[in-house]
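Below: one structure in C-alpha cells.
We call the chains A, B, C and D, going by the order they appear; numbering starts again at 1 in every chain.
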Amino acid sequence: MKKFLNKPEDFVEEMLEGIYAAHPEVTHVADDLHCFVTANPVPGKVGIVTGGGSGHLPLFLGYVGDGMLDGAGVGGVFQSPSSDQILEVTKHVDQGAGVLYLYGNYSGDIMNFDLAGELAEVDDIETATVVGNDDVASSKPGEEHKRRGVAGIVFLYKVAGAAAAEMKPLAEVVRLTEKAKARTRTMGVALTPCIVPEVGKPSFTLGEDEMEIGMGIHGEPGITRKTLEPADAVVDEMLERIFAEQDYAAGDEVAIIVNGLGATPMEELYIFYRRISQLFAERNVSVAQVWIGEFATSMEMAGASISVLHLDDELKPLIARGATTPFFKHIAK
Amino acid sequence: MKKFLNKPEDFVEEMLEGIYAAHPEVTHVADDLHCFVTANPVPGKVGIVTGGGSGHLPLFLGYVGDGMLDGAGVGGVFQSPSSDQILEVTKHVDQGAGVLYLYGNYSGDIMNFDLAGELAEVDDIETATVVGNDDVASSKPGEEHKRRGVAGIVFLYKVAGAAAAEMKPLAEVVRLTEKAKARTRTMGVALTPCIVPEVGKPSFTLGEDEMEIGMGIHGEPGITRKTLEPADAVVDEMLERIFAEQDYAAGDEVAIIVNGLGATPMEELYIFYRRISQLFAERNVSVAQVWIGEFATSMEMAGASISVLHLDDELKPLIARGATTPFFKHIAK
Amino acid sequence: MTMDAKALPDLFNRYRDRFAAEKQALIELDGKVGDSDLGLTMAKGFTAAAAALEEKAPETLADGMKTAGAAIAKAAPSTMGTLMATGFLRGAKALDGVDVMDTAALADFWAAFRDGIAQRGKAQLGDKTVLDVLHPMAETIAAQAQAGASPAEASRAAAQAAKEALEATKDMEAQHGKAAAFGEKSKGIQDAGGTVACILIEETSAAFGA
Amino acid sequence: MTMDAKALPDLFNRYRDRFAAEKQALIELDGKVGDSDLGLTMAKGFTAAAAALEEKAPETLADGMKTAGAAIAKAAPSTMGTLMATGFLRGAKALDGVDVMDTAALADFWAAFRDGIAQRGKAQLGDKTVLDVLHPMAETIAAQAQAGASPAEASRAAAQAAKEALEATKDMEAQHGKAAAFGEKSKGIQDAGGTVACILIEETSAAFGA
C-alpha cells in the first residue's frame, strides 16, 4: 500500500483536519469533525444534507457550499456516518424551512439517514429524502430502486442546491430533485482496484489488460469483465446502455459529467469526451453543460464514469445557476 | 499499459479534440490543434503565452482563460511545441501591447520559444520571456537558473495574468512575474512512474515501499530514494528544504499549492495540508491562499508536490484576483 | 413486580451487564460470517444507554426508551446499533401515555420495536436477521396479553419462543449485511443479531422477576 | 559564379536533394546514439525550405534566407530543425542590404549562423555538437575573406575544414540532446549534427561551382 498517511486509523480525521484548515468556509459542529457544515447558512432556506463513507472526494462533503449543499455526515472509509452525526448536522443546517436528505442508495446510509430523520422529527425539524440511484450497471430497468448511487448525484446536488438557493419550499425542492433523479443515468468502467487504508490491500484484482464495465465505486461487481478496448469502443458500450434507458430525442439537451475514479489522467477523460460529444452530435442531442474531472472517486482506483442528465426547461436553468464550494466551482452562464 | 486511448500516436490530438468540444471558450488557430488560444482576447492587453509537452494537464493549456493566460503551444507527450506553433499563437494573442512567454525551464522549450520570439520580432511583435524554475530539488542554491519548472509556475501564471488583466504594460508584467518567480519554491515526491503512451512502458521503477524525494515531472532523478515514511515526516522533509531557501519571517504571508501528480487521491493531499498548515502556524507565517488538487501532473504518476509563494504587498492582491479558465477557477476574495 | 419509568435504569443496567458479559461470545459469533464488530458495538451501545438513564432519571416510560434509543444511535452507528436504536425509539412511541408497563403495553412496545426494525432494515422473515427472532417474540407477547397473562409470564414465554426462533435461524441463509457475502456458508450458524434479540427478552423477563 | 537573391532557390534545391539522398545515412547515424529522427527532420525541413523559395521568389538574399529559416522551423520542430532555422534566420540578418554574396558577406552569414546556434543551444565548443563543425567552418571563411579569396575558393576551404572538424568530433563525448544520455558510448562516432553542417557547406561550395 503506497499512500501518504500517518496511521491508517487516523486517515479520515486527519483528512478532515486538513480540509478545515484549508477552507474556512466550512466547519464542523457538535465537537465532531464528522459533522460537516457550511459556515454560511442562509436563513429561511431549505437545508440540504448529504453524507456517506469517506474515500470518494470530492464526494460527499465537497459539495457543501454556496448554491449546493449545507451539510454532510462524514463516515469512515466506505462506511456510513452515524444517525447521530447526521442529526447534529441536520439541527445545524435547519433554517426553519425543513431539510432535504440527499445521498446515495446504500443500505447503511439509508438506515442512518432514516433514523436521523426520525430523531429530527422529535426536534420538530421536517425532513424529506431523495436517494440517488443513477448507476445503470447495478440493476436492470424496472428495478431502478435497487441501483446504487454514483457520480450522477452531483446533478441532484446541483438541482436541489439551485432550487433551495432560489428559496423554493421543501416540497418543491424535492419535486425538482426527484425529477433530476428520474432523468439521470451513469455508467462506469474500472481498470484497477483501490485500497482501504485500514485494510491495507486491494479487495479485488483485475488482470493486466482487463477492464470491468459497470463496477461500483466500492468495487461492487459490474456487468462484464473483459480485455481493455480502445477508448472509443469503451465509450460506445457505456453510452449504448445509457441511450437504452430513455428517449434522447433530436433537439433534446443534456448535461454530462465525465468523472475520473481516481488515478485516471485528465487527458484520458478528454479522449472519452471527444467520443461522447460525437455520439450526442449524431443524435442531434446538444450538450448544454459538461463537467470533466474528478467528482466521485474511489481513492486511487483507475477508471471513469459517464453521467448524463436529460435536461428539460425546468432543470436546465437550475444546472446553469452558479455554485461555489471549496471543491466545485461553477460560474453561471 | 492500462490507459483509455485509441492509437497512442493520436493521444494528444484526440485529447485536444475533446477539450475543444467541451470548452467553447478556447479554440485553436492556424488550422493546428496544437495552437491553443483563448476565444476571448482582450484588446490592448499584454498577451501571455505558455507551452510545453502534453501529459501534464491541467498544465499548460488549462490556464488559458480570463485573468490568466491567452495562449499555449501544445507539444507531444513530454515534447516541446514547435517555434512555429508558438509563433502562430503569439500572432493571435498579440493585442498590440506585446507578449510574455512564460513557461518551464526545459531546453527544448527554451529553444523553441526563443526562436518563436525572434520570428515574432520580424512581425513587429514585442516579446519578453520569464522561465519558471521553482523545483528546489533540481539544483542547489546559487544555481537556481538550472532548476526545472514545475507546479509553482501556476503562481507565475496567476500573477502575470492578474497584472496583464489590470492592463499593466509588458515591462511591469515582467517585473511582477520575475518577482513572483524569485519568491516561488516547490518540492515534490513521487511514489510511482507514469507511462508515455507511444512508449508503452514506465521509464523507471520504484520499489513497492519506496518514494523518491525531488523527482521531476518527467521522472528526472531526485535527491533521495528511500522507504516511504509517514505523511507528516515526508512533509517535514519537503518543507525543511523550502524553508532553507528564504527567510519566511513571523508575520509573513504565503500562498500554497498542494499538487497531486496524477494518481494520488485528494484525501492524501489534505493529510499533507494538515501538516503543512501546522508547520506554517509554528512559524507564525499565515497562509493567505491555498490551492489543493491537481495543477501539474505526470499522467498517472502517484506523488505530490508542495509549492510556496512568499507573498508581499504587491503579489498578494494579484494572487487574490479572480480568474476563470476551463480548468482553473478562482473566486476573488 | 411492575415496571414504571423509575424502573428503567435498572432494566438498562441489566442489559448493559449482560452485553458486557457476552461481548467476547458475540464478537466470535459475528466473526464467523461477519466482521466481528457486534460484541463491541452492543457493549458500547448499552453502556451508553444505561449511562444516559442514570444521568437523567426518565419522567415517563416513553421518555426513558427514547433516551436509551438516542444514546445507542450515537454510541453505535453500526447496522445492529442503528436497528436497536430504531427499536427503542419506535417502542417509546407505543408507550406514549403509559405509566406502568402492563402486558398489553409490553406487547405494544415489542410489536413497535419489531415493526421499526422491519421498516428500517427492509428485511423479510426468513432472511436470517434479528427480525426472525423479534417477530415470534412479539407475537408470543401479544398472544399472552390476549390470554390475560402477567408481564412476567408473557416475557418468560417470549424468551422461550425467542430461543427456539434463534435456533431456527441456523437453517437460514443470510441475505443482509456483511454475512450475506458468505451465502451458503452462513448456514448452520445462528444469526448474531438474533442472538442480541434473545438476550434482550431474557433480561426483560428477568427484570420482571420471572 | 556569383550568388544573388535569384540564385537562392537553386541553392536550397541542392540542399533538399542532398538531404534526400543522405536521409537513410543520417537516420542510421543519429540512431547510434540518439533517436534516429535526424534524417527525417532534415529531409522534411529542407524540402519545406526549397518549396517556400519556389513558391515565392525572394526579393533579396536576406528575404530568401528568412523564408527558408521560417519554413524549416515550421516543418521540423526537432532540436536540429530549430537550430538550423535559427542559423538561417540569423544569417539572414547579416545579409541585410547585401545584393550579391561576396566572400565578406559569406563570412558574415556563416558567422551569424554559428553565433545564432551557439546562443540558442548554449553548447560549448567540444561538447560534440553541430557547433564543433560550424565554428572552424566560419573561421575559415573569415580568414579566406581577409585573404581576398573568391566565394568559391572560400567555401571549398571551409568544406575541407568542416570535414576535418567532423572527424575530430569522434573523440568528443556528447553533452547535449538525446546523445548525452549515452555518455562515453558516444565516443568514436562522428556527431550527427556536425554531419549536417558538413553537408551544408559542401553543397554551398558546389553551388559556387567550386
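Rule of thumb we're sticking to: a contact is a pair of C-beta atoms (placed from the backbone, for glycine too) under 8 Å apart; a residue touches a chain by one contact, two chains touch by 3 or more.
Fair warning: this is a prediction, and the values are worked out from it, not measured in the lab.
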Statement: Any chain touching subunit A and subunit B at once appears in the list none
- request: Go through the assembly and pull out the chains touching subunit A as well as subunit C.
  value: none
Field: Distance between the centres, which are taken as Cα means, of subunit D and subunit A, whole angstrom
entry: 60
Task: Return the distance between the CA-based centres of subunit B and subunit D, expressed in whole Å.
output: 35
Separation of subunit C from subunit D, taking each centre as the mean of its C-alpha atoms, in whole Å: 91
- prompt: By residue number and range, which residues of subunit A touch two or more other chains?
  reply: none
Message: Residues touching two or more other chains, restricted to subunit C: which are they?
response: none
Chain contact graph, described as a line, ring, star, complete graph or other shape: line
- line: Inter-chain touches occur between A-B, A-C, B-D
Query: In their complex, what parts of subunit D are in touch with subunit B?
result: 66, 70, 73-74, 77, 79, 81-83, 85-86, 89, 120-122, 176
Task: Spell out the part of subunit B that touches subunit D in their complex, as residue ranges.
output: 80-85, 87, 107-108, 111-112, 114-115, 118-119, 122
Message: Using the touch definition from the top, list the residues of subunit A that touch subunit B in their complex.
response: 2-7, 11, 14-19, 21-22, 54-55, 57-58, 191-192, 208-209, 211, 228, 230-232, 234, 262-274, 277, 290, 292, 294, 297, 299-300, 302, 304, 324, 329, 331
